[in-house]
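Before I ask anything, let me first share the structure, which is written out below as structure tokens.
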Amino acid sequence: MSERPERFIIDGKRLDGRSFDELRPIKIELSPLDRADGSCYLEWGRNKVMAAVYGPRELHPRHRQNMTRAVMQFRYNMASFSVDDRIRPGHNRRSIEISKVSREAFEPVVFTKFFPKTAIDVFVEVLRADAGTRTAGINAASLALADAGIPMRSLVSACAVGKVDGEIVLDLMKEEDNYGEADVPVAMTVGEEITLLQMDGHLTPKEFYKALELAKSGCRQVYGLQRQALVEKYNKDYSVDEDDARSDAGGDSDE
Amino acid sequence: MSERPERFIIDGKRLDGRSFDELRPIKIELSPLDRADGSCYLEWGRNKVMAAVYGPRELHPRHRQNMTRAVMQFRYNMASFSVDDRIRPGHNRRSIEISKVSREAFEPVVFTKFFPKTAIDVFVEVLRADAGTRTAGINAASLALADAGIPMRSLVSACAVGKVDGEIVLDLMKEEDNYGEADVPVAMTVGEEITLLQMDGHLTPKEFYKALELAKSGCRQVYGLQRQALVEKYNKDYSVDEDDARSDAGGDSDE
Amino acid sequence: MSERPERFIIDGKRLDGRSFDELRPIKIELSPLDRADGSCYLEWGRNKVMAAVYGPRELHPRHRQNMTRAVMQFRYNMASFSVDDRIRPGHNRRSIEISKVSREAFEPVVFTKFFPKTAIDVFVEVLRADAGTRTAGINAASLALADAGIPMRSLVSACAVGKVDGEIVLDLMKEEDNYGEADVPVAMTVGEEITLLQMDGHLTPKEFYKALELAKSGCRQVYGLQRQALVEKYNKDYSVDEDDARSDAGGDSDE
Amino acid sequence: MLAVIPMSNDVMAEIQHDYLFNLVLKGERADGRSFDEFREITIETNVIDTADGSALVTLGTTQVLVGVKVQPGEPFPDTPDVGVIITNAELIPMASPEFEAGPPREGAIEIARVVDRGIRESKSIDLKKLCVTEGEKVWIIFIDIHILDNGGNILDAASIGAIAALLTTTLPGARYDEGEDMPLPVRDIPVAITTVEFGGELLLDPSLDEGKIAGTSLTVITNSDGSISGMQKSGTDPLTTDQIIRIVDMAKTAAEEIRTKFLEV
Amino acid sequence: MLAVIPMSNDVMAEIQHDYLFNLVLKGERADGRSFDEFREITIETNVIDTADGSALVTLGTTQVLVGVKVQPGEPFPDTPDVGVIITNAELIPMASPEFEAGPPREGAIEIARVVDRGIRESKSIDLKKLCVTEGEKVWIIFIDIHILDNGGNILDAASIGAIAALLTTTLPGARYDEGEDMPLPVRDIPVAITTVEFGGELLLDPSLDEGKIAGTSLTVITNSDGSISGMQKSGTDPLTTDQIIRIVDMAKTAAEEIRTKFLEV
Amino acid sequence: MLAVIPMSNDVMAEIQHDYLFNLVLKGERADGRSFDEFREITIETNVIDTADGSALVTLGTTQVLVGVKVQPGEPFPDTPDVGVIITNAELIPMASPEFEAGPPREGAIEIARVVDRGIRESKSIDLKKLCVTEGEKVWIIFIDIHILDNGGNILDAASIGAIAALLTTTLPGARYDEGEDMPLPVRDIPVAITTVEFGGELLLDPSLDEGKIAGTSLTVITNSDGSISGMQKSGTDPLTTDQIIRIVDMAKTAAEEIRTKFLEV
């Protein structure tokens, strides 16, 4: 673990030169995998994540099937070499919790009722981890779902906000995450409904509200990049029309 | 682990002032749990155990079902903080064996043939352990089964006997159990049929026969308390009539 | 682990006095077990292995059944006390790999298509291990399958070859295996088709071809002993006629 | 001709959903509470004398027993001078007839991790004070959460039980030849409060049925000074910003009341 | 019209039950033994030279191989000056075609624990003599029970195999630079004898079929001086006091015979 | 009357089998390759900067990422003066829609063990040079193989990825206060080449479909000097001596080409 920096903000800039509301660079590659029904490789700062989607497909064992909708399954996993100290391969309590909240971030947007008795499987592999792997995984998974042609009300876009040196800043890098005062990962739809919200650290309610707004602006930026990637790939307007989605946001959910 | 006392019996009394054939105080609370079909909280000396019963209910997976009778399942578990040195949560070899012999202590009395294809689940949690948790668990489970309305030929009452300072004594406390010369847990029906019998330590056959008789007298005392608890709770004579049960004891079992 | 010997070959003889192309003594006992459908106990040098076969029998869970043939299952296991340093009971990565390649050594010869939906289970227990337990297990399993009356195109015979002090030698003993330059376990049918082949160490292709021929001669010797054991036991010519088997070898496989 | 089929769980769930939904439309809850009202709470501490701290919390019919054990052990290599907190939750099968939905133990793991983060991030325990010998020996605090009866909202009961147990925990110096026994130094009292969204309304302290029917919940952990040290959204429906702000407010008020009534020393 | 259905296991079991029951009523057993007669026993020791002690026991068609390994290791913290015995039993699938009934491995665990208690409680092994350096190093005795062929009453075969293997066990001092090799000091010869109750009669050394059909068994472990150091009732029928007394008596006599014939040094 | 039944996997497999079989009879492969031709290979090294060495290998549509981590640790007791290699392969569910056939993880374990033996037996890594303090501290090399996309022949891709990652691996002396960083000393470049037998023909670098349909494969690991350091037959058909000799020859040639083109430093 690196040393704690003395200060995180110098002359209004962060350690990597970013302003408070600036994202790290994001690079998106659609359909990098051949076997998966949909896939996305995403770099975010020094994070490297791969997402793959299979489904809708038959779910085994049968007693786990739902007669009225598809069952979403989400597996977040870190490669053993993705962090400084090698981690043992396989699930741990952290990855189980992240898998759960990530799955729930998508359940409001996927039209699971179209596919009763099936499973929609989302796999996220963190190949290289910096701070923010769960939000990176959600952004990649969102595009992999689109790439697989899974019908959704909206893309999901995610971004974390935190607090360092008393300031609320967007998209924590690793040092800010390790030694900062708070971390708030958020995922939302185009209609700005929150589908993932966690927080740890120390914030006053006022700071939290500010953080939430900043996170939402981050998600909007991410959405722009996601949309652009889909447009470039499919060379046409992606089927989710932004305005339609907004108006749809207040409507009935598929759950 | 506490030090071994020099003597266990002084002036004919044991370390806690009890005589050889005296039980530790027993406190019974029926139906302490809301979700379970039947439950019982029982304190016995410094033991604190909770028993819950669910069933008869569908048994999964199906291939474990028995076409002619209910399958009894019994899970004895110790809370990690129930003993001096924290134990790891989850099953271990000791709890698996205790679960097995405890289940078998009830199989002769429960009318399992009334409920083919189902499961009757008994859960015992040891919240605070002194010596005798398996017998405490059986006594609590017996009342939880009654509380759940599971038809039984008889209550099951359990009690351990041991040997300290050369004397056969009833209902070992922890120091007697840790450093004593023998430990004989026994469970029996109202008809004085033995449904659980284990022994470890060192006894001559003559000492063992004496121990067995003393254990039975202990079980009779426990039965009195169990019966009283049921009567108080249901404000009427509990359906197992003692005399009937005795005459029934020689009859055909439900297995 | 014993010390590395200075030389493995002295005056053209190996440490235990064998010549390069000589097997360690083999002792075979057919049907030593009562419950199994077929069984064989085999000593090979200081190896002691027991093989048992059950089946064809129903396979659970059902989704593992194959509609057109029997599923072969093979479990190679070492007793905890079979080697110098006690090993933990249960499967490990080595035994899983050996089980797989051993199963595949039999799949070409067993007429699995005769028994759709069933399982044929082969269990090999290594009770005392010297070098060559996987080949010993295969030889015992081959006889146990015959003893169980499972129809086969051919017996399978196995033997390892290795390289020590620059020489290619048959049937490595433990010191040769531990400190030798290469180890090549081979299994083959009567028709000299190779059904198992592994190799580790360092061999030129020329040395490997020589090793393969030597291994085959070892397998032929083993086959002779296997055949003799079956003849003695069943007091008649065993149903696999050697010449028929040879001519059959080029024909269609059952897979 | 009528086919008599046993009502499936799905049908039962739908009937119950409609019943509770209609109640909420009328501003009512099945047990008569107002939307921002907790069920009856009792907290009994020092109930298990083999533990170094313990608390039995009842919240309506929910019963959670928390035991704390303290043992010396090795610190993590990257934080050699601070103590360790290990929180574990067991959804023992005694507590409810249902098998856990979803992948195994997911629910219990989430409860343990949210309670753990609340304790940790509030800096309620001064972990530096739990260092015995830097790099070699620190106190390890095991918080074991035993859910005995699941009557709904077990997360809040677990959170309240954990801090109540910690408030009564003794550092067992004498038992391990590490000086005298002393109370565990607790600096703050984080309290988790869960609110569910249902039919557009926000209901505090969901009962078991409310929790099942609600699409989503938000748990907010607040401290004595009103600051937030943890949040966790759980469930399959989204929340609006406005709902989140209202929930934070409800949680702060409720936590303050519980803290004052039950947990202040 | 006749429906031809394959006979289920249940039907087969019932037929077999009736057959054996009728035999017992006539005072007979299927294999011609009297009620208190053991099947043929053979014990071969030192069969596995990689083990520090070993024994292959056959009891009728039952075959059990016991290997003992001795290694230095750390004592338990609460008993720093005594050696450790760890007993493990493997019901390997080779031994019988059935899947174990009930929760997994329950049967194997019971066998291991009953054998272990017999050895331990009889004080057959002087564990104090297995201490090398107090609190740091003691000898650990691993007793591994490998059941090769389950022809019934594997518990007694395992118990006899365990003590036979221990009687031939060497403390491998030389291998671990802890002085010379020496025989493991064994002070007593506990022997477990199992009797089943069936149709009101008591049958010693149950065959596989007898074991399956009997409602209950009682295993009694006795020592050279006739004292008892372990008992375990197993199975779903109750026993009367009178039956228990008779079983103890039968076990004592049978153990004495086996001890004298096979195990005395 | 026609019963319309969905084509089962078995039927699909048979159709595909016949299609590929007929192609092979004509001397063709579905993707137009000759029988001894590899698919397109790309190797990118140092792709993961948290690893001490890494390589992403694509082989047709197959993608395998190998990361190497190096940490100090204890040597095995019986080899106190040599470093340790631990190879692990994860067939993550991302890589293919099928559940693994056969007992769990058997396939991944085989891949890991064959790659491991290739590295180890070729003496590619001088393990003696990885000893820091005899009997106490050696370097442990963790080779973790992450299969991202299974387009067939993942074993060869894993083998190529492993040696490519090792060739770029740094011994992280500075990170662990064990002297300066230095490149891992690699003495040889073992390459695994897999050939399948199908319709009597031998096909190098099987695609996914070819691999499924082929009855058997033989993997041969050869070194720079043409020597063999590992072989593994896999699958349910036998091989003749003649086929084995031809496969060894094909593997040697292909490995040489890959080594020269992609792996020579």
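Just so it is clear, A, B, C, D, E and F label the chains in written order, and each chain counts residues from 1 on its own.
Please note the rule applied: a contact is a pair of C-beta atoms (placed from the backbone, for glycine too) under 8 Å apart; a residue touches a chain by one contact, two chains touch by 3 or more.
Keep in mind it's a predicted model, so treat the numbers as computed, not measured.
Undergrad: Compute the shortest path length in steps from chain B to chain F over the network of touching chains.
TA: The distance in steps between these two chains is 3.
Undergrad: Just to be sure I understand the contacts, which chains border both chain F and chain D?
TA: Of all the chains present, those in contact with both chain D and chain F are A.
Undergrad: Could you pull out the chain whose C-alpha mean position is farthest off from that of chain B?
TA: F
Undergrad: Which one of the chains is farthest from chain C, going by Cα centres?
TA: It is D.
Undergrad: How many angstrom lie between the centres of chain A and chain E, each centre taken as the mean Cα position?
TA: Computed from C-alpha means, the inter-chain centre distance equals 58 Å.
Undergrad: Counting only Cα atoms for the centres, state how far chain A is from chain B in Å.
TA: 52
Undergrad: Just curious, how far off is chain E from chain D if you go by their C-alpha centres, in Å?
TA: Centre-to-centre distance between chain D and chain E: 48 Å.
Undergrad: What are the residues of chain A that contact at least two other chains?
TA: 60
Undergrad: Using the touch definition from the top, which residues of chain E touch two or more other chains?
TA: In chain E, nothing touches at least two other chains.
Undergrad: Among line, ring, star, complete and other, which best matches the way these chains touch?
TA: ring
Undergrad: Can you name the chains in ring order, beginning at chain C and moving first to chain E?
TA: Sequence of chains in the ring starting at chain C, next chain E: C, E, B, D, A, F.
Undergrad: Once bound in the complex, which stretches of chain A touch chain D?
TA: Its residues touching chain D are 1, 67-68, 73, 93-94, 96-97, 99-101, 104, 107-108, 184, 188-189, 192-205, 208-209, 212-213, 216, 253, 255.
Undergrad: Going by the contact rule set out above, which residues of chain F touch chain C in the complex?
TA: Listed in rising order, the residues are 10, 78, 102-103, 105-106, 109-110, 112-113, 117, 120-123, 215-216, 218, 223, 226-241, 244-245, 248-249, 252.
Undergrad: Inside the complex, what are the residues of chain E that reach chain C?
TA: 48-51, 54, 61, 63, 65, 67-69, 71, 88, 90, 92-97, 99, 142, 144, 146, 148-151
Undergrad: Which of the residues in chain A come into contact with chain F in the complex?
TA: Residues 32-36, 46, 48, 50, 52, 54, 57, 60, 75, 77, 79-86, 89, 121, 123, 125, 127-129 of chain A touch chain F in their complex.
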